[in-house]
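Some notes on the structure that comes next.
Think of it as A, B, C and D in the order they're written, each chain with its own count starting at 1.
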Amino acid sequence: MTELHKPRPTGRFGRAWDSDIAYSFRQSPVAVVAAVVSLILILGAVFAPLIAPYDPFNPASLNLMDGFTPPMEPNAFTGNVYWLGTDNQGRDVFSTILYGARISLFVGFAAVLFAMTLGITLGLIAGYRGGWVDSLLMRVADVQLTFPSILLALLIFGVARGFIPPAYREAMAIWVLIVAIGLSEWVQYARVVRGATMVEKNKEYVQAARVIGAHPVKILLRHILPNVMGPVLVIATIGLALAIIAEATLSFLGVGVPPTQPSLGTLIRIGQQYLFSGEWWILLFPSITLLALALSVNLLGDWLRDALNPRLR
Amino acid sequence: MLAFILRRVLQSVIVMLTVALVAFSLFRFVGDPIVSMLGQEATLAERAALRDALGLNDPFVVQFFSFVTRAISGDFGISYRLQQPVMELILSRLPATLELALVSGIAAFIFGVGFGVYTALRRGGWLSSSIMTVSLIGVSLPTFLIGVLLIWVFAVELQWLPSFGRGEVVDLDGWWRTGFLTESGRMSLILPAITLGLYQMTLIMRLVRAEMLEVLRADYIKFARARGLSNRAVNFGHALKNTLVPVITITGLQLGSIIAFSIITETVFQWPGVGALFINSVRFVDVPVMAAYLMLIALVFVVINLIVDLLYYLVDPRLRLDRSAAGH
Amino acid sequence: MSAPIEKPSEKTPLLSVRDLIVEFPTRRGTLRALDRVSFDIAEGEVLGMVGESGAGKSLTGAAIIGLLEPPGRIAGGEIWLRGQRIDNLPREKMRRIRGRRIGMVFQDPLTSLNPLYTVAQQLIETIRTHMDVSDAEARKRAVALLDRVGIPAAARRIDDYPHHFSGGMRQRVVIALALCAEPELVLADEPTTALDVSVQAQIIDVLKEICAERGASVMLITHDMGVIAETADRVAVLYAGRVAEIGPVRDVIQAAEHPYTAGLMGSIPTLTQTAARLTQIPGSMPRLNAIPRGCAFNPRCPKVFDRCRTDRPELIDRDNGRHVSCWLYDSATQKVAHD
Amino acid sequence: MSIKLNQTGVRARLMLGAAALTLAVAGAANAETLRWARVGDALTLDPHSQNEGPTHTLNHHIYETLVGRAVDGSLTPRLATEWGISEEDDTIWVFQIREGVTFHDGTPMTAEDVVFSLDRARTPPSGMAALHAAVEEVTAVDDTTVHVRLSGPAPLYVQNLTNTFIMSKAWAEENSIEVAPNFAAGEEAHSVRNTNGTGPYMLVERDPEVRTVLQVFDGHWDDAPEVTEIIYTPISEAATRVAALLSGEVDVVQDVPVQDIARLEQTDGIKVVRGPENRNIFFSYDMTSDRLATSDAEDNPFAKPEVREAMALSLDRNAIRQVVMRGESQPSAAPLPPFVNGWTEELDAFGEPDYARAAELVAEAGYPNGFTVDLNCPNDRYLNDEAICQALVGMLARANIRVNLVSQTRSLHFPLIENWDTDFYMLGWGVPTFDSQYVFDFLVHTREGSYGSFNGTRYSNPELDAKIQSLATMTDLEARDAVIAEIWEEVMEERIFLNVHNQMLAYAMRDGITLDVHPENQPRMTTVTFD
């Protein structure tokens, strides 16, 4: 035909760069900005110990008299200057945000991973086995979907408090949080995976694999799972943002990570107390960070959803 | 049909019992009500006596059995904290929560469907992109912060709207106090309703958009266009109606979460509903109220599920066949 | 020497497509899915349109009825409906033509009907969109039409939902819907492909009869030569977005002129195997982004020669009412061959 | 109506609405409505069911006690005009009952009602029973004289009466509430939402945790208060509470967050009054067990005097006051407010922090690398409780004591102390009797019987216990004060408490209102005056 065809790039990176998904990404300024923001925040969180000027999680390094220092102004007592000011404990807000984002992201990623593992496993089982196993799992999923997630998280927290000895409660708090948030999110994955599994399992290649006696687990992992990773990835992205916000909400209700190692949500809960008293920076900067993080992850999820849906291209 | 209803009722009973069991076993871990109930001067013997009187020393099974048997007759005991019958307490707070949930739910649904349809039909337009992005703010900030910010802007700085409570309420027949009939009641609803509804609106909007995009590519939509039906008829008569089937299910199921999220909204706005009652009860370890609240949520779940099923049944003729076939 | 060109009919054709070009802009450049497609459909005529998947049959239909899916667009050419140019009409005017003057039948009756509306609702809505009749009148017409397309107890069943009907019955409903506003032209895009073999012939018969009754022309899109042979007056063969050959159906089947058509005819007796591959010719149809220079068919053509690889053949009007785009029939080529 | 309509929009309308209501109900020419908000509601309106601050605060407006407590902590006559220990028998307290007092239902109050009320208050399950544990018998000698006979001499018994309300015997009998409501009864007592007191206000509307409306009682014996109507609203969220005042939706706010005091003071039309509260905030620890459950130390570090001294040296009370409390606290070393009997300036004296010396002491105690321990802290009970704990964590870290902070809601926190499930905890303590004995009884005495229920330290000193017990019956107040001083000396020597500060109270209100801070955080709206 009369068209000019650009030469196909070579090399792994070149091919990745040239793929449809990468192209759609480059074409979407929103996605690019969102990705850059997320990346900066994630890198900042991961490398917080290297970037942060202070270690806000080390109580010995804190001087209470540094508390409530406004941004870029010297503290009235100590004369110390902090970029984004300090909070009520004299913690450098900038450093605390980095470390807090680390906690929030950890909780978010771990909760998503947990929900994903659980959801995919149950979805595969339900879809592949069918019958009463399927009915049971989906009924549980229905109940779970209606039972409000915060309430569920509160209850799980209550249970955990009963089972975990007091000495370990603080250390376990973050894991309890992860399980609580994860448990309230698994249903979506399970539904998507179950649906896809039911479609795929009747396809010829799966039937063929069955006939030659391939182990069901192998069939599920090798053949069916790759087919559902697209939608799962989309749910996971949005789920990450959701989990980060859920963690913040729970901290408002008084369940969550210890205040000596605050997450972004805990920082906002603390900063919220200073909305009227004039220490705006304690609330503003963590809120902006959380908003930027959740918003950009959500936008990425949006873009991914559209980009992975072949019918919308 | 009868078999279907019976099956649903049976399932509902099982769900309620499960919730009761789970909830009840949890209460042993939420704290010790005795400390809150007795003052600091109470002696250890007094504490033990009260614990005994409340049956807190009975075996778990005994406590649970007595709870369930009494709950069946609507008797959830008396609040440890407010010393009122729990049932009466919850019923007196329920109107506030239901009015709030209703208003925010309806607003969320109307705006969610409206924006969802718009953004689906104008995919790629700058306005729909903006709506999509801005709406995300609703799910990218914790609810409590949104509430506090709204109070700050609209109650403190602008002084347009009240910051707390329900305003003047009007008592209807003594069993339902409504805030709809007074101006202060309606004004008081605005901020909490926005706070509570924002998240749901975003959810519904995205759901509608996704479903609508899906439906717009369906063959019957193409066929409708090929028959020369007007855009209006195609988009709203055909596409929207089909979109709404799954949307109704999911938003219906979300109603439960509206009521749960009202815990936060009600706390922030001092809204006198069951959510605030619950969270105060948790702090005080007011076990009877907590138990009744969870049972209420379970009941709401069961009822909503039933309603959603019936709605589905009304909207989607295909189910009528399946269901009636299943019933024979 | 060729005989002087003789038009099959002196009348203006009902539909006239001239040099239609449909393009899809993509990130790697623009794909040309239809390339200068031209054909006519006469009043009351059934034109079969055949070709492999991706040859551009359905796109042609979509372009005519003005429902190309974005980003696809008409990049050139003209479409005339009874002397009125319709490819550049404003959206609203085009909408009034759809259903009223051009009806369309889709492939899959299971998905063509909105499951949430009764058959009556969908029929009446369509009739009343185009005709100024009362609800009752529209309903009367709808019942009559359903009866005509072979729905038993139409008056009662009209209030049923689509899912109450079998596949074959649903396709009858679809036909009724396509015809309910009495269009002059019906585009039937693979109307039987999704149906059970046992009912395919009935549906084709119904479609053909009812169109004949009303004097509507039909453009029957299919990859099934068997159906064409039984139904169509003339046939157009598409290959890679271009018309390879057009002619009266008997002539084309019995003596295909284009080498591609000749190969295609091998797939006629395939009532049982509708998705048959064109096995007679080695290779497969090129992708849209890799259409070779010259004749699109040249890499597979058993009779290929130099010119086929460099120049694209235009439709050559053969004197027998047939058109073929192949250098074999170019006067220059033939002259050379004679010399 | 004299409510200032200095705001526009909703606020004006809201206030008009409230004012109109007032007019309709009171019909008085000079009706003054006061809209009053605080963090939580009274748990019940029953006068004896709960011994709890907010409950008493509201009930003080509806019911009255025999003696009142003035803002300076002194006792004032209320339903009793005079009181004293009987000259014949030092185990008997004599009360002269005020004449001409009527209940809200119009019936006159008699000595019989007083006897009935005191009996009701001392009978379990009344929440006030502990305060009247020593009472053997209450009798009406004549229409205006009541005798309370105790098990022994009780020179300070009258101090226990400031929150014991007098109710109508006839009304109680009529409504079957002769005893204070029992939680286990399974039904609501009439007195939970209905009242019949002698107080300055009558109950008009009661919607627990939502709204309570009180109307001035015309038949009250005392001078009529300026406030004729009280609308009482609990607002649990601090930010919302402050917002409600800033937006003009309430007139008086209790429980003002310390960080908002400065801002409120600077706001036009709003003022803040403050004063000391009868409540101390301190840390305490298990100094007796062989090992700590949450520590990595092989023994019990808190058992070692060096460690306790090191902790005292690490606590920077002034920094906590300055930063955490925004200047709104009185740093102090002993767990008793200055207006409590037994307080001396020396007791409350403390030095500057010395982290180097503190770390040395920890090393000397046998922990060259320090040790770890959990600190249990409530996060919804005291002013900035969690933030104070956090600050302590930082300070102790400098002395090489690595503290893991466990902060949780009060219903989970306090059982830990009650059940000895904590090694190291925060506690706040008020002294409603205004006497040191109260502190000793609950916090210092070995835990046994009615003693030591909040002694989470496991500290047990029989010698000290004997002294503490002797206080209850000593009538020679001078000798008694000497014993108190001895006990304090020992307690401070042993460093049983790591005291932080006395809490300060702040009430914020719109300009034009005068209301003094009450040391027990029980403001009386009868004392409100308008400019």
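Keep this in mind: contacts are C-beta pairs under 8 Å (C-beta built on N, C-alpha and C of every residue); 3 or more make two chains touch, one makes a residue touch a chain.
Not measured: the values here are computed from a predicted model.
Here the chain-to-chain distance from subunit B to subunit C, counted in touching steps, is 1. Among the chains, the centre nearest to the mean of all shown protein C-alpha atoms is found for B.
Set against the Cα centre of subunit A, the chain with the most distant centre is C.
Measuring from the averaged C-alpha position of subunit B to that of subunit D gives a distance of 38 Å. The distance from the centre of subunit A to the centre of subunit B, each centre being the mean of the chain's C-alpha atoms, comes to 25 Å. Subunit A and subunit C have CA centres that are 51 Å apart. For the pair subunit A and subunit D, the distance between C-alpha centroids works out to 45 Å. The multi-chain contact residues of subunit D, meaning those touching 2 or more other chains, are 239, 243, 246, 380, 409, 412. Of all residues in subunit B, those that touch two or more other chains are 30, 148, 152, 156, 282.
Under the contact definition stated at the top, not a single residue of subunit C touches 2 or more other chains. Listed in rising order, the residues of subunit B touching subunit A in the complex are 11, 15, 18-19, 22-23, 25-30, 129, 132-133, 136-137, 139-145, 148, 152, 156, 210, 213-214, 217, 253, 256-257, 259-261, 263-264, 279, 282, 294, 297-298, 301, 304-305. Those residues of subunit A that touch subunit B in the shared complex are 30, 139, 142-143, 145-151, 154-155, 158-159, 161-163, 241-242, 245, 248-249, 252-253, 265, 268-269, 272, 275-276, 287, 290-291, 293-295, 298-299, 302, 305, 311-312. For subunit B in complex with subunit C, the touching residues are 218-220, 222-231, 233, 237-238, 241-242, 245, 315-318, 321. Those residues of subunit D that touch subunit A in the complex are listed here as 238-239, 242-243, 246, 257, 259-260, 262-264, 293-294, 316, 319-320, 322-324, 374, 379-380, 386-387, 390-391, 393-398, 403-409, 412, 416, 421-422. If you check the complex, the residues on subunit D that touch subunit B are 7-11, 13-14, 17, 43-44, 46, 49-52, 124-125, 127, 129-131, 181-189, 192-193, 207-211, 233-237, 239-241, 243-244, 246-249, 380, 409-412, 414-415, 418, 429, 442, 447, 449-450, 453-454.
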